[in-house]
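Each of the next two complexes has chain A plus one more chain, namely chain B in the first and chain C in the second.
For the complex of A and B:
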């Protein structure tokens, strides 16, 4: 990772020296192809820039001790990843990355702010045993991923370049059941085996999750009635109540009546 | 432009860099210059609506230099930061807000092919990036170490996250009608007379346009949805603690977003850069008649789109100074109980309309016959639909890939 960053640094040093030296325009133009900078593959430079940003901010997420800052670094890291997608010409996936991951982190950020706006939680420092444990787990995962990535032969050579005119249309067509890539052998007519079923299963699954969340989060209705309600419902429905015989009713009923009267008076006054 | 520069003898990377810088500077000027003009306009409009005169002195007759004077004042203001503030985030927040607003302009076309970067998924990109602006607001509210700011930021977060849902639904309808998420293609599909604008495509799109307007106003945080600022309750909401240039970045981001959602509305529903009357086509100009004619057509289109977007911004100012502010529960009710269901029903309605009445109520009116259907089978340009509808159906689907391989040559995907 440090290697990547160093490389970026050198490249941008070159640019800055270029802009500092300002000979007349014509000679500059003539000299441009001869400069060593002209031979640089700018695609790789931008790739390294975005990759470096993503890695750097990912480290920042781990190193920061404030939830909001962590979320911010995560946003930058994910945004740089979206930049990688845009660089590769996969605009749809890049926009998806922005929409889902960066937008999802937004909600994380909101919760972070809501939960940690108080002083004791502003700074979170894990214990050293936690740090060791996560470091071991992270390192083993990273080594696993790296071995897997380097074992793919096709990824080791130079890239094949940008796919011509990438489009979101094949993705959408595939979702509604039309395979536009190479259909596997033995598929029925015209390779009309798309991703409709998985798509539907996933959406039904999400729907179930949503319904469950709404069920869990709904406002619970009060099971035990308040004493005054219980009293009111227990009160016999008689138009004329002898005041002297039933003492509790006598204490409740006039207040209720007066409150109602006051309310109607208020409403009438408002209108 | 890149080809032109390469033709001058420049190496590729210099040409690309120059083209990128030119586009970026132009877009930056759209935001900054637009903010200057719109702030002045807002003050004048507010004054007139409240039976006042507004600025009258600075710069002569109508006070038209007022925002420039304000800008100089802002530059000269002391830059304060509260003591308990999170310095890094406090400094960063205005730039995050502004960058999000600015990035979305990259994909917004100003005329046919006059676009920072023509994206295949332009609509999606703009909506996604526009949602990031709220990051700056939340960071500002958190980092300011002030309760007013925090309240404002939380309100803004709740509002923006909820309004993204109906906004997305509204945006999907023109995408469905055009069969493309490319903003340039969507705009070009509405060429011709005013009746071919998607606003007048069918009753459902007409209604959903107003839902879009509501959601757009809410998503750029303008009155009557300006709970995040709410001067009468929260001092100034999320930017209570900001002053000087940093504050003006928030302001520019707000005006930039206003212009952006108006421009998006113009492209999606109001015909984009196509005027109400196709003057250029009637006179025989088109993009194909020649280099200079194409430039003229594009310039007229640019003026059209700018005019429509400006009208949209003025409309937002009008409702800002007309309607009272909503409470937070009213904001949520508007979003969840009205905007979302209406948008969903209108989406379904527009879909069935397109299915059963693809030519409109009066076939032959407004829309050229070739533009009726199968938009998704066109090439990336989206232009030759009217010219050769038959050939167009068999054109490439995946850009360069033969259709036979896709197995779509003879089959209608519907």
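For the complex of A and C:
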């Protein structure tokens, strides 16, 4: 396709007159089909670019010890993955990857990193034995997955380049329960339903999860009461209460609760 | 364990030797297929698993989970794409893209809850080192 474009371009420009005007440009244009650029499949080039970025930054996430760098590498890796989605013809998924993942989830993670990035916690280095064990396990897992990927012949053939139809409209219709896309080969007739129920479940799930996250992360009262509160709660409400009823409370309570309370007061004492 | 690793390595070497015609072509001129996407997905999945097992920072473990989910998503999208198949007939069709969309949404939900738990742990223990989370140890 590129070669045909070049020939059209040269014919259109009338290369004989061009030679008189700008000889260097004309010679460059004439020499263009001789370059190896003529047969290049730009889809493959872009795929190699995005695949290299995604894989390289994913390995960088593993290799980095600094948690801030890990977050940055993860942003790049997931962004390159969105490029891979675009190249596979799933433009809506690629856009959602950029908007939800890179724009939402990773911002959440970066906020977590910023909230917890005190000096000793920024880089917690794993031990070298852990590194060795992880390398062995990762290499064996990767070889297993690659073996499985290469084992099916139908997956190996180069793509014929059937440009898929835009998938945003069929996706939206499928999410409200109407299928307008072509069924893949081998689909049983009449067995296709939409995704309305999973869509509703996921919606309610997201709502519940966000309410739960807000509940979990809210600013709450101190777990360990301040000394003045402890003193107030330890004082008997009625002054006529005999000592014998207060004493079991005082002996039972420290066994479970105050041990953890003392520990957390030691660990997080400055707060 | 080492025997298992060696056996797996030998099997994968066989697979690589069987695919020499695939590796011998010029990658810049040959159209990509499903297996190229599967390779990228396998690398991201493995990196995520390694991240989850290696990191001691709780946020690093969360990033490993994100990588694993993305590796799975790449496979779903690759199986859904007619562009990558020699016969033009995808295995999954649009269903793969729908599942990928659900995976993205559930990953967002999981990240929100896990981050809230991590912040709670940090507020109570003043650390995000998961090796220090041993209060329930007998």
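FYI, the second predicted complex is superposed on the first by the 156 of 271 C-alpha atoms of A that agree within 3 Å, B and C clash if a C-alpha of one lies under 4 Å from a C-alpha of the other, contacts with A are read in each partner's own complex, and residues count from 1 in each chain.
Note that in this section a residue touches a chain if its C-beta (ideal position, glycine included) is under 8 Å from a C-beta of that chain, and two chains touch if they have at least 3 such contacts.
Worth saying up front: this structure is predicted, and the values here are computed from it rather than measured.
K.L.:
In the superposed arrangement, does A:92 touch chain B (first), chain C (second), both or neither?
P.N.:
both
K.L.:
Who does A:205 touch here: chain B (first), chain C (second), both, or neither?
P.N.:
The answer is second: A:205 touches chain C but not chain B.
K.L.:
Tell me the contact category for A:58 with respect to chain B and chain C: first, second, both or neither.
P.N.:
Only chain C is touched by A:58; chain B is not.
K.L.:
Using the touch definition from the top, say if A:196 reaches chain B (first), chain C (second), both or neither.
P.N.:
After superposing on A, A:196 lies clear of both chain B and chain C.
K.L.:
Classify the contacts of A:130 with the two partner chains as first (chain B alone), second (chain C alone), both, or neither.
P.N.:
In the superposition, A:130 touches chain C alone.
K.L.:
Mind working out whether A:78 is in touch with chain B, chain C, both or neither, as first, second, both or neither?
P.N.:
In the superposed model, A:78 contacts chain C only, not chain B.
K.L.:
Which of the two partners, first being chain B and second being chain C, lies in contact with A:103: first, second, both, or neither?
P.N.:
Once the two structures are laid over each other on A, A:103 reaches chain B alone.
K.L.:
Just to be sure I read the superposition right, which of the two partners does A:113 touch: chain B = first, chain C = second, or both, or neither?
P.N.:
both
K.L.:
By residue count, which of the two partners contacts chain A more extensively, chain B or chain C?
P.N.:
When the residues of chain A touched by each partner are counted, C comes out ahead.
K.L.:
On the A-aligned overlay, A:69 touches which partner chain: chain B = first, chain C = second, or both, or neither?
P.N.:
Touch status of A:69: first partner only.
K.L.:
Intersection of chain A residues contacting chain B with those contacting chain C?
P.N.:
The answer is residues 40, 92, 96, 106, 109, 113, 164, 167, 170, 179, 182-183 of chain A.
K.L.:
Chain B touches which residues of chain A in the complex?
P.N.:
29, 32-33, 38, 40, 42, 66, 68-69, 72, 75, 91-92, 94-96, 98-99, 102-103, 106-107, 109-110, 113-114, 117, 164-170, 172-173, 176, 178-180, 182-183, 190-192
K.L.:
Can you tell me which positions in chain C touch chain A when the two form their complex?
P.N.:
That would be residues 4-5, 8-9, 11-12, 15-16, 18-19, 22, 27-40, 42-51, 53-57, 59-60, 62-64, 66-67, 70, 73-74, 77-78, 80-95, 97-98, 100-102, 104-113, 115-120, 122-129, 135 of chain C.
K.L.:
Any idea which chain A residues touch chain C in the complex?
P.N.:
39-41, 43-45, 47-48, 51, 54-55, 58-59, 61-62, 67, 70-71, 74, 77-78, 81, 84-85, 87-90, 92-93, 96-97, 100-101, 104-106, 108-109, 111-113, 115-116, 121, 124, 126, 130-131, 133-147, 149-151, 154-164, 167, 170-171, 174-175, 179, 181-185, 187, 195, 198, 202, 205-206, 209-210, 212-214, 216-217, 223, 260, 264, 267-268, 271
K.L.:
Once bound in the complex, which stretches of chain B touch chain A?
P.N.:
Where chain B meets chain A, its residues are 9-11, 13-14, 16, 86, 88-89, 92, 119-121, 124-125, 127-129, 131-132, 134-135, 138-139, 141-143, 150, 153-154, 157, 161, 164, 181, 376, 380, 397-401, 405-408, 411, 413.
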